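What follows is a pair of complexes built around chain A, which joins chain B in one and chain C in the other.
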Partner chain A sequence: MSVAAVDGPGGADPLDRVPVLSMRGISKSFGKVQALTDIHLDIFPGEVVAIVGDNGAGKSTLVKILAGVHPADAGEIEFERAPVAIPDPTASRALGIATVFQDLALCDNLDVVANLFLGREITRTALDEEEMEREAWALLRQLSARIPSVRVPIAALSGGQRQTVAIARSLIGDPRVVILDEPTAALGVAQTAEVLNLIERLRERGHGVVLISHNMADVQAVADRIVVLRLGRNNGDFLAADVGYEDIIAAITGATEHARPMPEPVYPAPRRIGPVA
Partner chain B sequence: MSETTQPTPTRARIPALVDEVRSRLTGNLGSLPVVVGLVIICVVFQALNPSFLSADNLVNLTLQCAAGGTIAIGVVLVLLLGQIDLSVGSVSGLAAAILAVSLTQLGWALPLAIGAALLTGVAIGLLYGVLFTRFGVPSFVITLAGLLGVLGLQLKVLGPTGSINIPFDSPIVLFAQSWFLPPWVAYLLAALWAGGMFTSAVLRQRRRRRAELPTTPLGWQALRAGGLLTLCALGVAYLATDRGVGVMFVFFIVLVIVMDVVLTRTRWGREVYAVGGSVEAARRAGIRVDRVYISVFVLCSSFAVVGGLLAAGRLASASLSSGGGDTNLNAIAAAVIGGTSLFGGRGSAWSALLGIAVIQSISNGLTLLNLDSSIRYMITGGVLLLAVIIDSLSRRSRAAHGQA
Partner chain C sequence: MADQRRTPGSQTSLREANRGRIVDAVKKHGGLTQVELAGATGLSPATVSNIVKELSESGVLSTSKSMRSGRRAQYVTLAHASGLVCGIHFSQRHLRVALADATLTVVSEHEMPLARDHRSDNEIRRVGMLLSDMLDTVSAERDELLAVGVAVSAPMDAASGMVARPGILRGWEGIAIADAVERALRVPVLVDNSSNLSAFAEHRLGALRGQDDAMFLEVSDGIGAGIIMGGRGYRGASGSAGEFGHMVIVENGPLCRCGNLGCLEAIAGGDAILGSLKNRYPGLKLGDVIVRAMAGDDACIRAIADAGTHIGVAAANVASMFDPIRMVVGGHLARAGELLLGPIRQVVDRSLASRLAPAPEIVAGQLGPRAALMGALGIAADRSSTFPVVSVSPDLRTALG
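Let's turn to the complex of A and B:
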């Protein structure tokens, strides 16, 4: 485990990086359906990891385990090297994992500010609308988001703007890891570009970003690393810079079964701190 | 726009006003239709019978509004969650029965009797809330069962006599029938209300400026507060030519204002709107949805109890028919007519006041015309239908204009 993997495919991770979140040997089944088997995954700060795979590959289940929607049956999760359990969504949030689900989960009848701070309202004696509005603008500006007004109800926004609000909301409370489940699935070209920009902003801010996507173009546009799942197992872990479209498709479809033996050669599990020979 | 130099990407003030107007036109009607409707009703009835807008009749009207309106506040709350409570009438009847029995037959002191009624209301609401959140039974069915069960309880409490008079010198009867504010107190309250509104606008303005947010001109706020003050003062002056402003009516208005502040300025209120807008979103945001449901059912039953007590005080009696007849549906209709959406997440405490004013005006006006209750029911039903159609249409229009 402690062997430095400098010879790993695509150049290994610089050794001083510590994964903010690691999953080791995660398995999950629903009745007789084995959704995930022995999954390994590392997420580093300031890195966008795309998780790709065909339908039924287990992407959503993986997200739900991290979000605390379903607990894992077996395996370990380490957050900043400390073993943790994520039994429910609150625990996930408390750890600093923010999840933006595909259906966004916004309240259409409330305005942008209310949605951003839903469940975490700033109060003095009453709701402190001014402070919340100020912070909302600050956050949206940081993300270079194009929202006409923070006082319009969500229903008045476009799909891309709603996605922006949902992502911005995940950042309140300053999470370490942001998980985006199919953020561009329902968006047009311009809106997709807007959201991809936003993902790059997240990386610049130092969040670890997990991007679940079907869209290879989006993945290749923003991901630093691409993790392929196939039938609930790891089927490849590539650095986006030096992998071609065909390689990923091959791994997704199973043309290259276990394209890379996983996971040790690429990302040895949490390394001990200290000089590496 | 010129007075704030902050760089936030905001729109200029005039476009904001234009937006407001456009939003109104495209379905975000708010309380506009009901206010227009109320004016039409007044004009029509005044034309048919000149005593409709007489001070004497308006004083009666305000007193008639208080009990049903108080029940309607609770209905607004459950409707905001997208739920319903069909048992508010029965609960108000039970409250009247408890009050009358404990005052006259058990000889309890008034506060104790009121306390017992309130506790019963809380218990009923708690039961509804627990049944709803634990077993997921639709609130429609739970409260339908409650309607019957509580009605039975009311008969049981009343016992064989069936009708109990409350002594006329009991404070609750005086409160509901013959306590009126001296004009100067009424003017003072109106001034306090308008002043409070303006002060809070000024304070908000100052906080917004400090937070470098765009502000609306203070002149507009002053105009609103001035308008409110003028309206109240005129109302007080006119009512003072007869008996004046009833204490019970003021009590109802205060309840509406308090509930409005709670709904719009507190975290709990925000949670109510969130749950009504999208339960799943609220749950994922970490809101304890179950608690919101239970608290709202409890509040709704409690408001029904308060309304029942006011009604008992006004009639100085409790009987088998207390809370029966149209009490239930009037309260629900009032909330909907006042502009609270049946679909959840949209509405305000003010719709209780506006809605009950419409319903009681119709009822009062038709009584003045010596029309019988058959017509009254049909007309009230028609108005309710109209209100629901407006709600549905404006919802569809909002969806079409991307504001749903």
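Let's turn to the complex of A and C:
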């Protein structure tokens, strides 16, 4: 049983899009619990892929495999068509995969600049605070972030601003793929708006974005492709433009089975109508 | 920040620039404490304190006491003595909300992407929460909000206050939008079509100033138009005039989402443009097409030019009907600039070449994608200044809308 991505069953992409990251036949078990079985996932640059599924569907395990927290038991991971192994988080980072976890993992007592460059400080003879501050502002401005000051401790920021800092931190080193685990789960409306705009910015910058979320409204607002997991298996890979809310819920709950590859519908070329001139 | 900090010239110009910087920072964040202002502007706390004092005496800013990290702080917002109005724009894939004072100076603004076929009840609830948040950031009370203007990207029926045509904004069909929003926000609400409001805003603040017979063409995912006749918006008998995108330009042409065949929108709307590029670039969004076209991608340039040509055909028909002096093109796709405007202009000029009067000017809007939002703020501000008493009967409201 295998599920090909939207590029069709042949494996060769007729459109010559090269996935920046692809997972083939990934399986993972924790003791007797089979968390993931034969998972396939492709991520293209400049694309937002939402991974949705019920609790225990394996979304977080999948992300942790990409982040290098758990190694996969079986299956292959290709990064830009080259087979790679991700044994630990350092390897994941080195490949260009940045992960923002649900708890953000920021240091509350340090200011924004210190958090952004933690472990990657710019140094000449001493710390080059000025350069780091300049880069921090440049990065935050690119993300149109509303942060009042980069010299306030993280503890003084709102939830949305913290999420912004966490996302900005993941972008240092210019990763190819950014993974966001439940970025809007603990946020208010205004902050959710900020984060959704931020995801659009990431997409425009050409990053591949993996979004894990339970909120279907958020998913449908920003995702290009929606991958459904159910009980540790692929249960559908939809283009967001073509599916409604109900289709996704049906796939999540198992009311519909999409375990077979979905053939790409062949659209006839649109009739061009010339100007009436 | 580096180039913002370079301020040449005299003491006075320096002080002027610093004032501007502080006002800009307050505008951008809605409200800030003085310490945060110092951080955001790069000015010293003493300078910030002086300038804030000066500007609050002259009535530009207002300050209130607040707490930050357990310390007392001065919270600085833009002054809004004469009350606030709110503008909301619901389009197919986007939500914009802004708070402004009576002079239409925006004090707080938010935007976010929406799901395709989003549901009205969810979004109205979301706007309610967002609005409370925004009132908090500018430290305003709920009762300072005088009126709300809502722009909806679908034709509106004046009598019922509902979306007049099915299939266009699916989550919003069959509800009286003004009433529903009013129930949630508990302030008087005015609703109008987004193209009408964009035309209104461009007429008052933008590219149609002083032009009393003109049109606004909105080209986004959908296509619409707002008509200004004799200096006033023209709405037609049922209120849904200006359905430019649903003019049939090819008989028995492709199926439109409104159910009709051969509408302009089915041929030149956002989905049609993406559809024509689907074989070459799957998964693009309209914004990506514009970016690629501007970077010189021939297929995307061609797709936008094709859309422009078709829009030009329809615009030429409308122009010979209404004889506007100027047609302003706005909406999402107008960001493509001359790539879109050029083909429209070419077709319109050619179709009207034999006329004695010159063909209408085709220009880009000045307010950009915020035109409808500014229009919504505009009707809300007009409403609150004409009728300072809050209770107005529903029929009067319909008459105004």
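By definition in this document, the second predicted complex is superposed on the first by the 245 of 277 C-alpha atoms of A that agree within 3 Å, B and C clash if a C-alpha of one lies under 4 Å from a C-alpha of the other, contacts with A are read in each partner's own complex, and residues count from 1 in each chain.
Note that contacts are C-beta pairs under 8 Å (C-beta built on N, C-alpha and C of every residue); 3 or more make two chains touch, one makes a residue touch a chain.
On a predicted model such as this, the values are computed, not experimentally measured, just so you know.
> Have a look at where A:Val33 lands relative to chain B and chain C in the superposition and call it first, second, both or neither.
A:Val33 sits against neither chain B nor chain C.
> If we overlay the two complexes on their shared chain A, which of chain B and chain C does A:Pro148 touch? Say first, second, both or neither.
Touch partners of A:Pro148: chain B and chain C.
> So, does A:Ala255 touch the first partner chain B, the second partner chain C, both, or neither?
Neither partner.
> Comparing chain C with chain B, which touches more residues belonging to chain A?
Of chain B and chain C, the partner in contact with more residues of chain A is C.
> Figure out whether A:Ala85 sits in contact with chain B (first) or chain C (second), or with both, or with neither.
neither
> Regarding the shared-chain residue A:Leu239, is it in contact with chain B (first), chain C (second), both, or neither?
Only chain C; A:Leu239 stays clear of chain B.
> Quick check on the superposed pair: does A:Ala74 touch chain B, chain C, both, or neither? Answer first, second, both or neither.
Neither partner.
> Looking at A:Ala105, would you say it contacts chain B, chain C, both, or neither? Reply first, second, both or neither.
In the superposed model, A:Ala105 contacts chain B only, not chain C.
> For A:Asp224, using the defined touch cut-off, is the partner it touches chain B, chain C, both, or neither? Pick first, second, both or neither.
second
> Across the two complexes, find the residues of chain A that touch chain B and also touch chain C.
134, 137, 141, 148-149, 153, 155-156
> Within the complex, which stretch of chain A touches chain C?
Listed in rising order, the residues are 6, 15, 17, 44, 46-47, 134, 137-138, 141, 146, 148-153, 155-156, 188-190, 192-193, 196-197, 200, 204, 216-217, 219-222, 224-225, 239-241, 244-245, 267, 269-273, 275-277.
> Applying the document's contact rule, which stretches of chain C touch chain A when the two form their complex?
1-2, 28-29, 32, 35-40, 68-69, 93, 95, 110-118, 122, 126, 129-130, 133-134, 249-250, 253-254, 267, 272, 275-276, 278-283, 285, 287-288, 291, 306, 309-310, 312-313, 347, 350-351
> Where on chain B is chain A touching in the complex?
Residue list for chain B touching chain A: 8-11, 204, 207-208, 210-213, 261, 265-267, 270, 273-274, 276-278, 280-282, 284-287, 345-346, 398-399, 402-404.
> Considering only the defined contacts, which chain A positions touch chain B in the complex?
89-90, 93, 101, 103-110, 114, 118-121, 123, 126-127, 129-131, 133-134, 137, 141, 148-149, 153, 155-157
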